[in-house]
Amino acid sequence: MSLLPDFAHWQQLDGVLAVVTAWLALGATGVFALRRFGFVTKVLFPLGGLLGLLLSGIALTAVFQEPATAVLPLGLPGLPFHLRLDGLSSFFLLVIGATGAGVSVYAAGYFGRGEGTPPGLICLEYHAFLATMALVVLADDAYVFMVAWETMALSSFFLVTANHRIPEIREAGYLYLLVAHIGAIAILLCFGVLQANTGDYTFANMRAQHLTSFWSSAAFLLALFGFGAKAGLLPLHVWLPEAHPAAPSPVSALMSGVMLKTAIYGILRVSFDLLQTQRWWWGVLMLALGLASALFGVVFAAAQVDMKRLLAYSSIENIGLLCAGIGLAVVFSSYGMKPLAALALTASLYHVASHAFFKSLLFLSTGSVLHATGERNLGRLGGLIRFTPWIAWVTLIGVLASAGLPPFSGFVSEWLLLQSFLFTPGLPDSFLNMLIPVVAALIALVAALAGYTMVKFFGIIFLGQPREEKLQRARDAGPWERGGMAWLVMGCIALGLQPEQFIQIIDPVTRLLVHAGLGDNVAGHGWLLVPVAVDRASYGPIIFLLGVAACFLLAFLVVRLLYHGRVRRAAPWDCGYPWQTARMQDTAEGFGQPIRQIFEPFFRMTRELPDPGDEAPRYHVTIADHFWHWLYLPIAAVVERAARLIGTLQQGRIAVYLLYSFITLLAMLVLVRS
Amino acid sequence: MNALAFASQALEILVALLLGPLLTGWVNQWRARLQNRTAPSLFLPFRTLHKLFIKEAVVAEHASPLFRAAPYIVFGCMVLACGIVPTLSTDLPLAPAADAIALVGLFALARVFISLAAMDIGTSFGTLGARREMLIGFLAEPALLMVLFSASLISKSTSLTTIVETLAHRELAIYPSLAFASVAFTMVSLAENARVPVDNPTTHLELTMIHEAMILEYSGRHLALIEWAASLKLFAYSCIGLALFFPWGVAEAQAPLALILALPVLVLKLAIGGIALAVFETVSAKMRIFRVPEFLAAAFLLAVIGMLVHILLGT
Amino acid sequence: MNALLSQFVNLLASALLMLSFAMISQRRILSLIHLFTLQGATLVAATILVGYATNQPHLYFSAGLTFLLKVVAIPLLLHRAIDRLNVRWDIETLINIPTMMIVGIGLVIFAFNLALPIAKLSATVARGTLGIALACVLLSFMMMITRAKAIPQVIGFLSMENALFFAATAATYGMPMVVELGIALDVLVGILILGVFMFQIREQFDSLDIRHLERLKEE
């Protein structure tokens, strides 16, 4: 037996495991170079990025392969690690690898300035985070899954609390850990239900079980709760807007862009793969939860004044849309309408990839803005397009993609999602049929509100006049940061312009889950994306872009040829008002005001209005979450009261504690005897 | 795809570029007549455009490239929109590239760019205009989408050419859902084109303007392009309305004769529509800005009810 | 031909629904009366059309009766009432239109689903419109609940009667003549009583806001 692995016969699964191992090794190396900034950031992180690229390459080929399995003799005796690489896991590995590559390269520049934790430790946590995310999607038994899942939660918790000397960040990390663990318990219970008392926790065994209607629904609900807590579905979203702003930007990018997707992976794995049949009401429940999260997220995002909180709420919105798409797929699948289920699922998976790219990009750009200016509050930014043009233009692409505008990536998934709603009439249940237009309308509303939010985000940070003096000294992003962001921008553009190619990658995944795919329909239309037939719907992003670009250039040239191109620079006109200051622009609060007014019941607002005779008038408004007040605080109060009751047991005298032990012992003996 | 298709595509864009400002002039003429003023020439918009193109463009000192690129982008979006909507023929090579949803996306793209450009200079009016425009946009956009969906449900397609073909060349049938859609569409297009109950295209009163507030900083050729784009938008919206609710007279593929006939029919329909718009603008009063969300929410919900009615009567 | 007629009935039914929505989102009392008149006229047209399509001459009579009562007499009475009460330009301030419309859509979905199985049993030309008629009834009911002033409430009541009448026409080609005459009389008497009632509260409270009636309960 040779010690060297047999490289000639390596399968994709071996390659993926090699990348995971290498990531862990990089992390371990970081521990030995605890405070050597240069080595950790300029060698280890770029290597990690390279591995991410490699992983995405391997995953790209693995999508089209038959599922491969492996059993690793790790873990407890009698409980080896079961791993499986199929289309679904390959697709998510692709997303993890491709996004991780960009974020790692960016991190090489970002962590160069140091956070509260030594760079070597950050390196360990970061790479462990990446490796465990990959392991989560590879797992083929509940045991590996839970180990990877919990390690992922822990490593991300340490990353979130990288600046652990700030109390708010510690609190945010604690909240995150708490919600993650409550979710994990639900997932564990879900696996317990799925194995149906056989004691065999491999996924292969769970697939073979035929659960009754009640137990399969119970498993689904537990999975929805557990994974929903990780994904940030209503009402378990509260950790997201706290943890994302607290974490360093590359970590927020990974958490929002990739980690939330592992929860989506979990929902898909349980509801389509481990559970063989679906019930229609699961889909309706997911639709309702998804839409509620989406609307809630976008409305709150529009009212935020902290740029990273804004993006965190926008993540809730996007996860909601994803969930709605999956819910629709579940409804279709439960009625046996496979092609439609495939369409809805394709839309959701497309959004998984597209959201991973644009949201990571936006989080990274907030990181650059933070480093350039030291400000996170939208009210103190402005005009950065003139001082940091590189960040601004890159962000603009991310903003357009996030707002769901053609021809960028966000629009494709939105388009596919709306298409799947339009093909809906024909469901056997008339009530569902009636619900569909309402749902489609809500999705359109959410998408339009996302546009509002993104205009606010970009306009307040990068446009206008700088609201603070120091912004004029802001420095543009460094080469590593530019490299990482450029990679993600390319992703946004490529996903936007080449949907027909990417749908070929999604096709095997939907075939695996709902036994139908869009690949054959989409192929053979050149530059057009045609989900069903040309006369039903088609979209050609490249022609679209060329059309706008051609009109742009023609207009430009014709105007220059027929007239002139003279420009005179002068002071802004502004209706002739000469004493303009930067403080007269709309603030972030001002831009959110119409949303606050229209969607008033969504918010828990406290407003301080100045008196008419006030010498130094101040206007102050804070918005809070109803869920926090009506759901979390009461639960916290109950828990605290229970803790106080139990606390009375605590006497502080050793004799009393010994008495407790003694009584327990007696009780046990009596129990054993009887 | 043949020469005729490309010819009708080119003709359609050319017609839009010419008829757009004329339509604006026509509406202004009728508004003047109805208000007992002396009517300006029909060609006044063209003269204004010419005048603006000749003038030097004054740009604020600290304007970014985004500010200077935005007029071209907006203009490009609107030209493309006019090329996609079937006005003269349904045999358009560009049409498969963008269906009804992409058309709404195209309008949204233009709106986002003009709002961003308005925020770029950092004046109080610019940001105010941008905020109000986005406020109108986020309600008008889904409403327009729902209107188009009502038509899509009938023709089982989101492709605009297929929608027009089904609606124009079917046997005569009455679709109650389109009645809801038409009311909603009228409300949306008034809002989107900065027309009277929502915005006043001729106002320069600072506190009430929306569209004008955004383009205050523009001058010369940039302003000309934006004005032209606004005319094209009005034209495109009118043509969407005509295509959905009065689709008769649009030529199909391989019909050069019908194409020639289609132009006078279009002009006639637009002329009537323009007068109707002028009458409506004259008899109604502008709303407070915070009545506007209510107005648009009503449009949005009406369109949704239209779809519900379609499903009720269709099953 | 018959298909087109039935589609036309559907169109008029949709117009009724649209008018109901217009009424719940109308703040001005005067416009409310205009909308009510329009609703009556649409109802008359729909009844005549159903009568023609199914060759049922008695529907013409009930159409004529509806016209006299709901397009001429009641609007006239209402106009006189608002003149004498001097509330012609009154505006109801306390309604949130988008919320009302969202609740309205919920009612529409509810009504449509309720009507679908019933409509499948029926064989009339206008069977599809039963859901719309039911939705109109519910919407008018909602209007009565949400309005604070007396006259809009009365109009809500009358429009509910309109919707019920339409439902009867759609489902069973109208009610027997005797019943119809009786209802017409009822409505007329009802409006007279309500008129007297309105003048009474006006005298008592110097306002038509019926929330004042809350004070009449026992302490």
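Labels for the chains are A, B and C, by order of writing; each one numbers its residues from 1.
Heads up, the rule we're going with is that contacts are C-beta pairs under 8 Å (C-beta built on N, C-alpha and C of every residue); 3 or more make two chains touch, one makes a residue touch a chain.
If you're wondering where the values come from, they're calculated on a predicted model, not measured in any experiment.
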Report task. Among all other chains, pick the one whose mean CA position is farthest from the mean CA position of chain A. Result -> C
Query raised in the report: Considering A-C alongside B-C, which chain pair is linked by more C-beta pairs in contact?
Result: B-C
Query - Approximate Å spacing (C-alpha centroids) for the pair chain B, chain C - result: 36
Report summary line: Taking each chain's mean CA coordinate, chain A and chain C are separated, in whole Å, by 50
**Report entry** Multi-chain contact sites of chain B, meaning residues that touch two or more partners
**Finding:** 293, 304, 308, 311-312, 315
Query raised in the report: By residue number and range, which residues of chain A touch two or more other chains?
Result: 430, 434, 438
Report summary line: Multi-chain contacts in chain C, i.e. residues touching at least two other chains, fall at 105, 109, 112, 116
Report task. Would you tell me which residues of chain B are touching chain A in their complex? Result -> 53-54, 56-62, 64, 66, 68, 72-73, 75-77, 79-80, 83, 94, 96-99, 101-102, 105-106, 108-109, 111-112, 115-116, 119-128, 130-132, 134-135, 137-139, 141-142, 145-146, 149, 152-153, 156-159, 162, 206, 216-217, 219, 221, 225, 290, 293, 300, 303-304, 307-308, 311-312, 314-315
Query raised in the report: Where on chain A is chain B touching in the complex?
Result: 382-383, 385-386, 389, 392, 396, 400, 403-406, 411, 414-415, 418-419, 422, 425, 430, 433-434, 437-438, 440-441, 444-445, 447-449, 451-452, 454-456, 458-460, 463-465, 527-528, 534-541, 543-544, 547-552, 555-556, 559, 562-564, 566-575, 577, 580, 582, 584-586, 590-591, 593-594, 597-598
Query raised in the report: Hey, which residues of chain C end up touching chain A in the complex?
Result: 105, 109, 112-113, 116
**Report entry** Contact footprint of chain C on chain B as seen in their complex
**Finding:** 172-177, 179-180, 183, 293-294, 297-298, 301-302, 304-305, 308-309, 311-313, 315
Report task. Would you tell me which residues of chain C are touching chain B in their complex? Result -> 3-4, 7-8, 10-11, 13-15, 17-18, 21, 25, 97-98, 101-102, 104-105, 108-109, 112, 115-116, 128-129, 131-132
